[in-house]
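Structures for review follow.
Same chain, two partners: subunit A is paired with subunit B first, then with subunit C.
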Partner chain A sequence: MAERPDRDTGRIGLYLYAIGRGIDDDALAHTSGLREAPLRVLEHRGLAAVVSDVDLDEFGEDGLRRNLEDLHWLEDVARTHDAVVRAATGVGPTAPLRLATVCFDEDQVRSRVEQWHGPLVRALDRVDGRAEFSVKAYASLAEPAAAGSPAARSGPGAGAAYLQRRKEETRRREQSGQDAAHDAEELYSALSEHAVARRRLQPQDPRLTKHEGTMVLNAAYLIGADEPFADTVAAEASRWPELRVEVIGPWPPYSFATLEEQ
Partner chain B sequence: MTDTAVAAQARTTLPQDVALVDLLDRLLGTGVVLAGDVVVSLAGVDLVRIRLQALLMTVRGPEEEL
Partner chain C sequence: MSETGRPATTVPRGFGQPMATSAVPQPASLADVLDRVLDKGIVIAGDVKVNLLDIELLTIKIRLLVASVDKAQEMGIDWWRHDPMLSSGQDGSRSVEGRDSEARRSLEQENQKLRARIEALEAERG
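Entry: the complex of A and B
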């Protein structure tokens, strides 16, 4: 096994996009890897690791620490990674790797596949013929109490009234939040009836997404490839008219091709 | 079953339409992790921290600290 180099300068590494079954070089001939590098498939015990060469100046440990702070770099790499994973998903069952998994040579890739062979096979069995859908639900909560300085300008009575009003607004907002959370939980469970597997992700920060309302559900479902899940979501969501529901998919099975602990 | 009265919006996405935040939710938060000393990949926690920092920097501008 190769030793880890002290310096990455001028060295080539292998970026791993995904591990799947039934994927070969020809199937990926029309898709490019990062920085337009050609994709290669490394076979090991019936599994196919999709890789391309990367410069370790850019993708080594130091390069990653530096570049992951750069949003444009991150977006470019994430979209290329996703495009490769989608191409592989179109050919055979695919377990996508987490962003920025880099090995130093082919032996290291194969030794990883060897080490995780059982869990990989089980993950691929789980996602074979299935796709991931994202379901997000948003609620319009009661307006938060207006921020401002305590209204003390009109004497003690005004101050007490202000505090009472603030308290009432806070209570209303909390109640509204609890109702929305309850609705979201019910929707999440109702949709689970139609799914092979489900998973809740953290609600997204509105500063990142600029969504309106409060995201009360950010869920992922694993669905049989031919099922009309978007229609199912639309039908179920009509039972909770207070929620705005968005379904996106199909995705590669990012949230479900996970490896159990060995 | 495309009833326009229902609240859900369904759309089939092409890769370029996917919101970056949705993509990073998946590429950084889940996915197969091949742990081991020979894999150059930062710990999940580190990546999440970096992700939020990078994105929030862009949203808020670089002058504001997290």
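Entry: the complex of A and C
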């Protein structure tokens, strides 16, 4: 009994998914938290923190360090986190928290809400009645010309001609890359006219997404809830026929419910 | 598609035409979810300290990786299984350790042989 067990063994912590307004336990009754734990809402000064119990074996410092490197674990937790945030977003203005925010007890959660109360209220005001949309644009960059179109020459000069052709292909590919980037920039600005706020995200790796072509734009826009943004994107995108444009939404306002101090 | 339980993904309609959006909150690609839950969202320090630098590194690793472990293995990208730093928590990683180190040794040997051949070839060409 004198020996202390591992710091986190058997201990329960509270995982924070989001902080919002007008969210109560009933509204989240049909959504489960991590590991099927029931969701709870902790009220503090008009704000609602959405939490569930987690085992600190899994979500303590040691557990997180280990588990965050496990892609199965990460995918599962990330999707559950997102599902809970979406459920909350459907009820009232919601500020999603970054993955893996864990406190030891309810008082600690309330003290965080107290500490960030002003910035949280302002963040919620900014996203109230609005949703995030993802817009991605892809370009199919110039393919090398059909090799040796007039029957592959041989004899003197063939090597030089080959090098010339290669040079030309490289130049064309660079040019088409620059054109696509330019188009993407214009599309990004054009869509901004229809949005409350905008933000660029890093283009995604094709190995992660299996997309075809080159992702030249990965953007997020904050849009009024009733705006027909998909139609707007369709109309604007037709001005850049070289780009394939994809719009996905609505998302919870991950990219826009930020604390201005950060 | 919904009967299969798969995400109701939208169908591309060719260049210049966006995919349809769905009004229901649709299951998103893992890349999109990770972009947001790891990189965005409000940062409030909890009681459990998570090193965000670690997470950022992790994000970079994932960006260089793939949508799921299964796909990764399909594509032959499964380095984390062999990386002792990362595989400590993986099921069964210990039981295959012996086999792994054997495989690694044979790879190293093959590598050495190939290096030797390249050197020989380069020497031949002068």
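Here is the rule we go by: the second predicted complex is superposed on the first by the 230 of 262 C-alpha atoms of A that agree within 3 Å, B and C clash if a C-alpha of one lies under 4 Å from a C-alpha of the other, contacts with A are read in each partner's own complex, and residues count from 1 in each chain.
Everything below uses one rule, namely that a residue touches a chain if its C-beta (ideal position, glycine included) is under 8 Å from a C-beta of that chain, and two chains touch if they have at least 3 such contacts.
Here the structure is a predicted model, which means the values were calculated and not measured.
After alignment on the shared subunit A, the placement of subunit B and subunit C results in a clash.
With both structures placed on the common chain, the touch criterion links A:215 to neither subunit B nor subunit C. Once the two complexes are overlaid on the shared chain, A:27 sits clear of subunit B and of subunit C alike. When both complexes are overlaid on chain A, the residue A:111 reaches subunit B alone and has no touch with subunit C. By the touch criterion defined above, A:184 reaches neither subunit B nor subunit C.
Residues 13, 16, 19, 59-61, 64-65, 68-71, 74-75, 78-79, 81-82, 86, 95-104, 108, 112, 116, 120, 123, 134, 201-202, 204-205, 207-209, 218, 230, 233-234, 237-238, 240-241, 243-251, 254-255, 257-259 of subunit A are contacted both by subunit B in one complex and by subunit C in the other. Across the complex, subunit C meets subunit A through its residues 10, 12, 14-21, 25-51, 54-55, 58, 62-69, 72, 75, 77, 80, 85-86, 88-90. Every residue of subunit B that touches subunit A in the complex is listed here, in rising order: 1-3, 5-13, 15-16, 18-34, 36-42, 44, 47, 50-60. Every residue of subunit A that touches subunit B in the complex is listed here, in rising order: 1-2, 4, 13, 16, 19, 59-61, 64-65, 68-71, 74-75, 78-79, 81-83, 86, 95-104, 108, 111-112, 115-116, 120, 123, 134, 199, 201-202, 204-205, 207-209, 218, 220, 228, 230-231, 233-235, 237-238, 240-241, 243-251, 254-259.
Taken in their complex, subunit A has these residues touching subunit C: 13, 16, 19, 56, 59-61, 64-72, 74-75, 78-79, 81-82, 86, 90, 95-104, 108, 112, 116, 120, 123, 133-134, 140, 201-202, 204-205, 207-210, 218, 229-230, 233-234, 237-238, 240-251, 254-255, 257-259, 262.
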